[in-house]
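The first chain written gets the first letter, and so on, giving A, B, C and D; residue counts start at 1 in each chain.
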Amino acid sequence: MSSATLYSVSYDLVHAILAAIGSVLPYPGNVWITNPDLITGLAVLVFGAILLVATMLNTILLIWWERKLLGRFMDRRAAMHVGFAGLLQNFADGFKLFHKSTVKPREADTLGYLSGPTAYMVASLLIFGILPISSGWNSGALPLTLLLALAVFSFAPLFIFVSAWSSNNKYSLMGGMRSAAQMIAYEVPLLLAVVAVVIVAGSFDLTTIVYEQQNYWFWGPLFLALIVFVAAMLAEMERIPFDLPEAEAELVEGWNTEYGGMLFAFFMFTDYLRALIGSILVVLLFLGGWTMPSWVPAAATSFPLAGIVWLMVKTYIVFALFVWVRASLPRVRTDQLLRVGWNRMIPLALLSIFLAAVLVTVRCLPAFGCIPSLGT
Amino acid sequence: MGPEELRAALAPALGPSLVGVEPFEGFAARVRFRREGATELFRAVHGLGNTHLSMVAGIDWVDHREVLYIVWSDAAKQYTLLSADLPADDPHIETASGVWPSANWHERETWELVDITFDHHPDLRHLLTPDGYEFRPLLRSFKIHEPEELEVKVRHV
Amino acid sequence: MSEMWINMGPQHPMTHGLWNLRVKIDGEVIVDVDPELGYLHRGIEKISEDRHYNEVVTLMDRTCYVAGLAWEHLYIIASEKALHIEPPERAEYLRVMCEEFQRLGSHIMWFSAFVVDIGLLTPLLYGMRDRDLVLDLFQSYTGARMTYEYMRVGGVRNDLPPGFTDRARTVLDWLMARFDEYDKLTLGSDIFHKRCDNLGILKANDCIAHGVTGPMLRSAGVKRDLRKDRPYAAYDRVEFDVAGADSADVTGRYLVRMEEMRQSVRILRQVLDWLDRNPGPVMARELPRWLGAPYAPVGREGYLLKRNYPKGVGFSSIEEPHGEAQAYIVNEGGEHPYRVKLKSPVFSNISAARQYLVGYRVADIPPIMGSVDVCIGESDR
Amino acid sequence: MSASPSVRPAPVARSMTLPPESLRLEGELPMAGAAVPFVEIEALRAREFIPAAKEALGSLISNRSRETLIGPVFNWAGRNSLFPLHWGLACCAIEFAAAFGARWDAERFGVVARSSPRQCDLMIVNGTVTWKVAHKLITLYEQMPEPKWVIAMGNCATGGGPFRTAYSVVPGVDKLVPVDVYIAGCPPRPEALLDGILTLEKLIRERKE
């Protein structure tokens, strides 16, 4: 792959612009404006802005993708009159929610009510700073990317609970408590399933994990871990069949019952942000990230930004599977969900760790396949 | 079970409070009784296999009011109609909800719409009309009419 | 968390109508419930006292808005008895056809509402789609999708349009295939069984004591179906089986309703064949003049003409899609009924809410109440 | 510059640990890492910040450009994403549900029913309003954030319909909340409901902010 990274691109961009401005400025302005510290600072800002815009566009596209898919599953056509095939529908929703007044319940706790959704969104956006989306297209070579991403990912129940508690509504409170219990219960199998991947790949760095899969994607040998990871991820993303916190039938809208306007948009947006993160993590950990098998013609993998394109294609396919699950499964109950989490998922995850350890030792298992790149 | 058998079965337990048992279209019989013997009648009818009470209704006949109970027997596959006349100035009768729990809501409804009080009812509250609603709409004296022009004032709190 | 009361309703996605379920919960466990009705109390019984016999049919459609024709049928049988009028046989078959199609429509609507209570979104839309086919049939011979005003004292308003029976058979074939698809989407899923088995149990004794009827009662092992036990209209001339189950839980009610829909299709096929073979009049020949036209001149006070009218009491009891519905009509002469008393099965089924809700969890309320099949229009009247 | 008294105190240099002039290269400015002269400014408290920022932003955008640039965007957004309140009053609720079904699919126009009034901007009164539910309807309306609209669906919501003479029925929901669009029919067909929603979109388009 090319050696360019998102950061280097933004650095070069800022440098070129500032140099151009500096060349026409008189002394001492030209020296001041081409100062390397300034360029670094601005490059970080530009990097962040590009990432933010790309993330937002992708999330909105993801919402559109889900709405269209869900519509087709339901034998109807979903949004189609705003923009081409309804592509602008979610922009309209966003602008409208931005424009609406925000009603704060009189008895609500102001600090928690306002900061909860904001922190929820910011914490989820933070993960995109460290997710590698193609070779080198990340903020830098952090050795523990995966751990950091999952750590930030698991902040969410706290913020959900804060906003649910402070909105002073019984439905919100129950939704928030369910949400916290559910996320904490599924945090453990999620991390254990990741441990299996880490054992095989030998690194916590997502980039390394992806490169380990260049010859053989992990979904075959680590199928059990994939199942546990996807199920736990569904619970973490709070989607059907695990969407109890916002179970529409009994708790009106769950923990965001009292939220309207922009703060509701934050919640809605962040839910899909987390869905995007979850899908990307599935692709990175089990489906080879931005790499493609060798039988794919070279022309399809060598054009500029091919890595990102392939990663996003896989991500959207994985998300389509999540939508398929949503369209065809009923919702489970809280106690059943927690029982499945603690009684089934954790033993399965431990078993998958054991299998991974065996795999690393013997390199080949008849039923699970071989990992040729192991031990190199 | 025909009217005659029903009379034979009910008469010993009820005595004078049984006014009459007569044939009635759609029912096994129509049992007319006085309100003094209501509980005994309910027990006796329930004992004859009429385990399902399907409705309680009140009719305002202006000079008096009538309360109706329709019960169903799964064995005979027949409905039986029980009816009692109540004076219009003091319409009350013993509740049937001790014998048939399903009478509970029907009696609440009859109380609030036809103004027949059920003594010893466990929970005689408004059901269909709002709490504190003073009118008894299904009385003949309550006339419905075209609504007047009205302006609702909303007090914002 | 200590015990607290929460209001589920009147605006709540669980209610499927306008009522309020006050629930006392301890954590997630239901300790006590108190249903609150009356938000849709429109005084239909009172307005009926001010309407011509045929005008009351308009109100009956709106009494239960998912089973309008069944309620028309209920009212028409009672008022015909009160007025001593016999409908022709073809009209009786047409009414049976109406009621069975209405049962299909109502049960499919129930299916749509029930599956969304347990979180299944797709079958909701499938149900709405298939219900529209039944509504199209209604529209082709009554002219309306939901409020039909089709039945009249003494018969029905009009005969079927040409080609109707073939179209109806096509729809029935399509629906029979869809019922298997519904079963696959629900019964085929382990989560459905985890959610609905042994949930909301109401045993036969409690059902009878609390006046619960319809599919809820039949799912508890009591095969009481008024179409079989006390046949009305043409039900004694068609063959069908009474659906039943023994589990007395939500799954049992689901199975009973699905089986009832299949039996309805069976009845409908027989009725359509009969209708093809036996053309004839659909209104009684000798009707009083004032019944023929809904706006015939009346004496100034109404009672002036009273002595010319027959008097009587009419009672009818039919197996409505939700259960046993009854009408008790007092005719004291005149063009308006003196008293119309309607008994709604949903009213009794909700009144037993404490028996089948207490002890379960908050998350169980939607499936249980969904399996009761609440229609507030008829319970509040 | 001018002699007028300044309200704001003049900036005061606090830290004067600059390197001596002789050690500084020509043209170099003190940057991060070196000691910086600390300039005291009036700190705005967080609560004052929001109105101040709004004022500053408002002054950046002239009224005219607000009308010509921003207004249409929000107007377009508002009219194309109407979230009705998910509730059912009576008969019309069934047709309301049918309008979201597979055959009519109101989501094509961006109409998605939400259960919480806080997230809605359209209340479709789909059925008979009784006096018992009247104050709850008003509460729900009050809970919806501005801008909000009301559609009276069907004859009952418009004027009481066949139950107009009943003792318990409100003869028209416009007695309780302001209504924007009335839809005739008992009940209106789903097409009529969609037509009502599109009429409302037209009304919003012609509306001045």
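The rule we apply is simple: a residue touches a chain if its C-beta (ideal position, glycine included) is under 8 Å from a C-beta of that chain, and two chains touch if they have at least 3 such contacts.
These numbers come from a predicted model, not from an experiment.
Note on connectivity: the fewest steps through touching chains from subunit B to subunit C is 1.
Chain centres here are means of the Cα atoms, and by that rule the chain farthest away from subunit B is A. Interface comparison, A-C against A-D: more C-beta pairs in contact at A-D. Between the CA-based centres of subunit A and subunit C the separation comes to 48 Å, rounded to the whole angstrom. Measuring from the averaged C-alpha position of subunit A to that of subunit B gives a distance of 64 Å.
Computed from the mean C-alpha positions, the centre of subunit A lies at a distance of 29 Å from the centre of subunit D.
Averaging C-alpha coordinates per chain places the centre of subunit C 42 Å away from that of subunit D.
Looking at subunit C, one finds that residues 12-13, 38, 41, 43, 46-47, 50, 125-126, 129 touch two or more other chains.
Of all residues in subunit B, those that touch two or more other chains are 129-130, 137, 142, 144.
Touching two or more other chains at once are residues 101-102, 115, 132, 165-168 of subunit D.
By the definition of touch given earlier, these chain pairs are in contact: A-C, A-D, B-C, B-D, C-D.
On the side of subunit C, the complex with subunit D involves touching residues 10-13, 16-18, 38-44, 46-47, 50, 58-59, 62, 65-66, 109, 112, 125-126, 128-129, 131-132, 145-147, 376-377. Those residues of subunit A that touch subunit C in the shared complex are 70, 73-76, 170-171, 174, 177, 240-241, 243-244, 247-252, 326-336. In the complex of the two chains, the subunit D residues touching subunit B come out as 131-132, 134, 138, 142, 160, 164-168, 171, 175-176. Of all residues in subunit D, only 85-91, 93-95, 97-98, 100-103, 115, 117, 127-128, 130, 132-133, 136, 140, 162-163, 165-169, 186-187, 189 touch subunit C in the complex they form. Looking at the complex, you find that subunit B touches subunit D at residues 129-130, 135, 137, 142, 144-147, 150-152, 154, 156.
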